[in-house]
Amino acid sequence: MVWMESPDSLEALAFGRPDHGWRRRWFVVMFEADTTAGRLFDIVLLLLVSASVLVVLLETVQGLAQPYAGLFLALEWVFTLLFTAEYVARLTCVQRPLRYAGSFFGLVDLAAVVPMYLATLVPGLHVLIDIRVLRMLRAFRILKLTEYMHEYGHLGGALYASRRKILVFLSAVAMLVVVLGTVMYVVEGPGNGFTSIPVAIYWAITTMTTVGFGDITPKTNLGRAVSSIVMLLGWGILAVPTGIVTAEMTSRRLWGGPSRRCGSCGNEVHAAEARYCHRCGTVLG
Amino acid sequence: MVWMESPDSLEALAFGRPDHGWRRRWFVVMFEADTTAGRLFDIVLLLLVSASVLVVLLETVQGLAQPYAGLFLALEWVFTLLFTAEYVARLTCVQRPLRYAGSFFGLVDLAAVVPMYLATLVPGLHVLIDIRVLRMLRAFRILKLTEYMHEYGHLGGALYASRRKILVFLSAVAMLVVVLGTVMYVVEGPGNGFTSIPVAIYWAITTMTTVGFGDITPKTNLGRAVSSIVMLLGWGILAVPTGIVTAEMTSRRLWGGPSRRCGSCGNEVHAAEARYCHRCGTVLG
Amino acid sequence: MVWMESPDSLEALAFGRPDHGWRRRWFVVMFEADTTAGRLFDIVLLLLVSASVLVVLLETVQGLAQPYAGLFLALEWVFTLLFTAEYVARLTCVQRPLRYAGSFFGLVDLAAVVPMYLATLVPGLHVLIDIRVLRMLRAFRILKLTEYMHEYGHLGGALYASRRKILVFLSAVAMLVVVLGTVMYVVEGPGNGFTSIPVAIYWAITTMTTVGFGDITPKTNLGRAVSSIVMLLGWGILAVPTGIVTAEMTSRRLWGGPSRRCGSCGNEVHAAEARYCHRCGTVLG
Amino acid sequence: MVWMESPDSLEALAFGRPDHGWRRRWFVVMFEADTTAGRLFDIVLLLLVSASVLVVLLETVQGLAQPYAGLFLALEWVFTLLFTAEYVARLTCVQRPLRYAGSFFGLVDLAAVVPMYLATLVPGLHVLIDIRVLRMLRAFRILKLTEYMHEYGHLGGALYASRRKILVFLSAVAMLVVVLGTVMYVVEGPGNGFTSIPVAIYWAITTMTTVGFGDITPKTNLGRAVSSIVMLLGWGILAVPTGIVTAEMTSRRLWGGPSRRCGSCGNEVHAAEARYCHRCGTVLG
């Protein structure tokens, strides 16, 4: 059966979409979302992934772990087998299976099924619980809903374009918390909860990001003064730019443009169309 | 009496405004705010709603519940009867009563009076207190003050227009807190307060939104390191965009446009009108 | 002595500036900041006000209150007498003293000196300490530094212009904390710290503003789920608009304009100059 | 050997770059980043600084201080000697060594090596630990990576350009926390944790910046009401402008321009191209 020509999606180009046959039908359903079947597959997958994530979640709730242990284990196996079948199907219907296996989603899909098999091979280790929670990564498969991929791509693109500015900003924050954390370690000391510089840096991050757990708090007056600086920095980094941007926009809205300062008398001129300073009469630059 | 022609309001079109008579007079007063009577009705209603909300509030304050129990009960009945009369009047004076009864505000108005009657029919149940607090929903009636409805509509319209972006953003946050919460559960463990993955996810939300109650805090060094990532994520999501937007606006203000990067030497060119890179001389794209 | 003509300041117009003589000289020095004497007066006043605020501060520190009680009292009287002299001077040198006495700053200046005299008249009352702290209001006199008044005026003007939007926003927040606080009161109950609806509303404000003291925290699973909603609301109100604005600006920067959605196939078109949808070929509206 | 002409960098102009010889070679490598050697030097320096910062960090961790004391001391001396050699090399290869010694980075470089020598000269004092942590300031040397200096300069320039607005904003915040802190001291009192006005101001900063440690919390109803005001102020300063800016941008996107208000009937007109109010027919200004 020849499928109608559809434009080449990212997946078609990257992994290789077959030209005809059941392999093409499967590819279109599993990797693309143009057709009704494709969209239906995506929704069913989303539901299965959410359900499997929910099971991992509930297994850790003490009140539920014992009574439903059998049910949870059975469900885990059902999900694992379904996802394994899906993984094998994906590998089969692309032209370049290694490309898919090495891609981000290929790895996530593999990590979603391997833990259960590992747990069977290496029984009795405490770490089994830890391995199983890797299946939480299946949550990232929700990102694959192609319709929304564009939105994520858009978001990711914006972040990538500004990567330099982000790196600079984060390194400035890193230096601040290292230096301020060290200051607090020296000022407060281990007796007051600041047991080492790394712990003091953790406190500095807690305070600068305005989270403020309260597990470690300054006890001395100087410590509280330094804390105030950290708090005002962390909050100010949000508040000052927000206020400046608003002032600019309001200026533009009320007076037709940002305010200017007269070179002669330092007076602030708001009216955008003004040509002379209303205070000293000098021509405005 | 024939009323002067007034433009068709949303309510007139949705619920059907009578053409003449007392039904029209009542409609204009209760559903619209063009006339003095209409605005007065809105203000009186606002005061009554605020007063009834205040009574529900005060009933729960232990120092006041006993001494004033009789007064509160009497006031509750007065409010309920007034709101019932208003509800019946609204149903009566529209042309399509079922439309109103099924609308958001119709349901809120109904939920505002039903609990008291239910409480009478089903006496002695502890849940009576819970049902009565549904009257708090009357607070939403304040939204109906038509003059400000436009502002809320404006706000709601902005949210609706960006619903895709909001959904994408919130789902990314959901996935982050699920995965990071799971990591913290594995790293810290139930002995340190992270009693189950759902609880760890609650902690992750507390931390990422920078609320930081402190009822659950990391005790291990690795846990504190992971916490730092969650905190910087939650705060960074606010701080990084704010900083980028400010840099853009300041760039525009100081140099006439955003900064550009030279294709040859990677130098950052600020002057918007520059045609050549001032460092290597290449023509700027 | 005839003073050189200076443009009419706000104060000159409001309070009435004398035309000549010592009264005019004092007016120019105390109410305006065009002259060197005027600016010097402002700086000296700022220092005196900061010093008097510092004294009130230090009086409450237990370690300092007893040893320095005499010094503090003496300083308080010096400040009070200086500020009283200044107040009388201001009243004397304006043409419309009642205008000044009734203005915001006139009232602040009065409140700055009255407490000390009251304390002398009504000795021995515990509330004396409370009255004296009213002098903290002198801190607002720092606002009067004319050069920066324009900046504050600018800030105040921006707030005033958007007063409707601010009121609508704040009332929406008020309704949310009332309803969500009530829900938490019903879900958690007085036994878990939510002793009454007003206290639950205080908790809701603590959580929605992401402050998160931790003095009251949810103990039940449903309570923690509702808390998560409150936290995501409070943080989301900051994060969602910030993200949307950034996406808009980046879109404009990278693709020359915001992205559009094709009416036929729903595809997202980024290139601002595109006339046809690159996916289905339909003309873009 | 004559070096190829490279454009004058900030450092070349400020400190004086030699014209030829090994001094010029060293200058280009250490102070500039145009050449491969220059960039390599920067990366090696970054690694050395990070390693030395890490050693200071780990020395304070109780579990590691004793076992590795010897290793840490040896590493400290290696770093100190390397950085001393670098400092001397820098002084030697510039034409104006005093200029460099007095600059910000010159002072940081000096502060990075002096503490170790001081500790040797003045042994046995407890403050030795404190002096050594000054080496944390080396973290600021990471700022010198020339490529990113432009980004920091850009950020610093934006801050400098808006310094008045920032100062005004911060002073308004200072006055608010002084007055609100005083109010809370009077309302709650020393018995509830607000032991003095300075402590109450520290609490006010904690609350307004939405950090909310929880080490001090209001116990009285009036105190909780005042707290709510402080919390809404601190969060609102972030939320209100963000919301207004978003409303403006969405308005521009959806309706081609910000909304206007009709002078006659107060109706809000969204369509930017409208010439008549759609409610009362008046021409729009």
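We call the chains A, B, C and D, going by the order they appear; numbering starts again at 1 in every chain.
In the analysis below, a residue touches a chain if its C-beta (ideal position, glycine included) is under 8 Å from a C-beta of that chain, and two chains touch if they have at least 3 such contacts.
Worth saying up front: this structure is predicted, and the values here are computed from it rather than measured.
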Numbering shared by both copies at the subunit D-subunit C contact, with half separating same from different: different
Subunit A on subunit D, rotation in degrees - Cα superposition, rounded to nearest 5: 90
Cα-centroid distance, subunit A relative to subunit B, in whole angstrom: 24
Subunit A-subunit C separation of Cα centroids, rounded to whole Å: 34
Residues of subunit C touching at least two other chains: 151, 155, 162, 165, 169, 198, 210-214, 234, 238, 242-247, 253
Complex contact set, residues of subunit D against subunit B: 7, 147, 150-151, 154-155, 157-158, 161-162, 210-214, 238, 243, 246-247, 250-251, 253-254, 259, 266-268, 270, 279
Subunit D residues within the subunit A interface of the complex: 53, 56-58, 60-62, 129-130, 133, 136-137, 139-140, 142-143, 148, 151-152, 155, 162, 165-166, 169-170, 173, 198-199, 202, 205-206, 208-215, 234, 237-238, 241-242, 244-245, 248, 258
Partner subunit D, residues of subunit A touching it in the complex: 164-165, 167-169, 171-172, 175, 178-179, 182, 185-186, 190, 195-198, 201, 207, 210-214, 217, 221, 224-225, 227-228, 231-232, 234-236, 238-240, 242-247, 249-250, 253
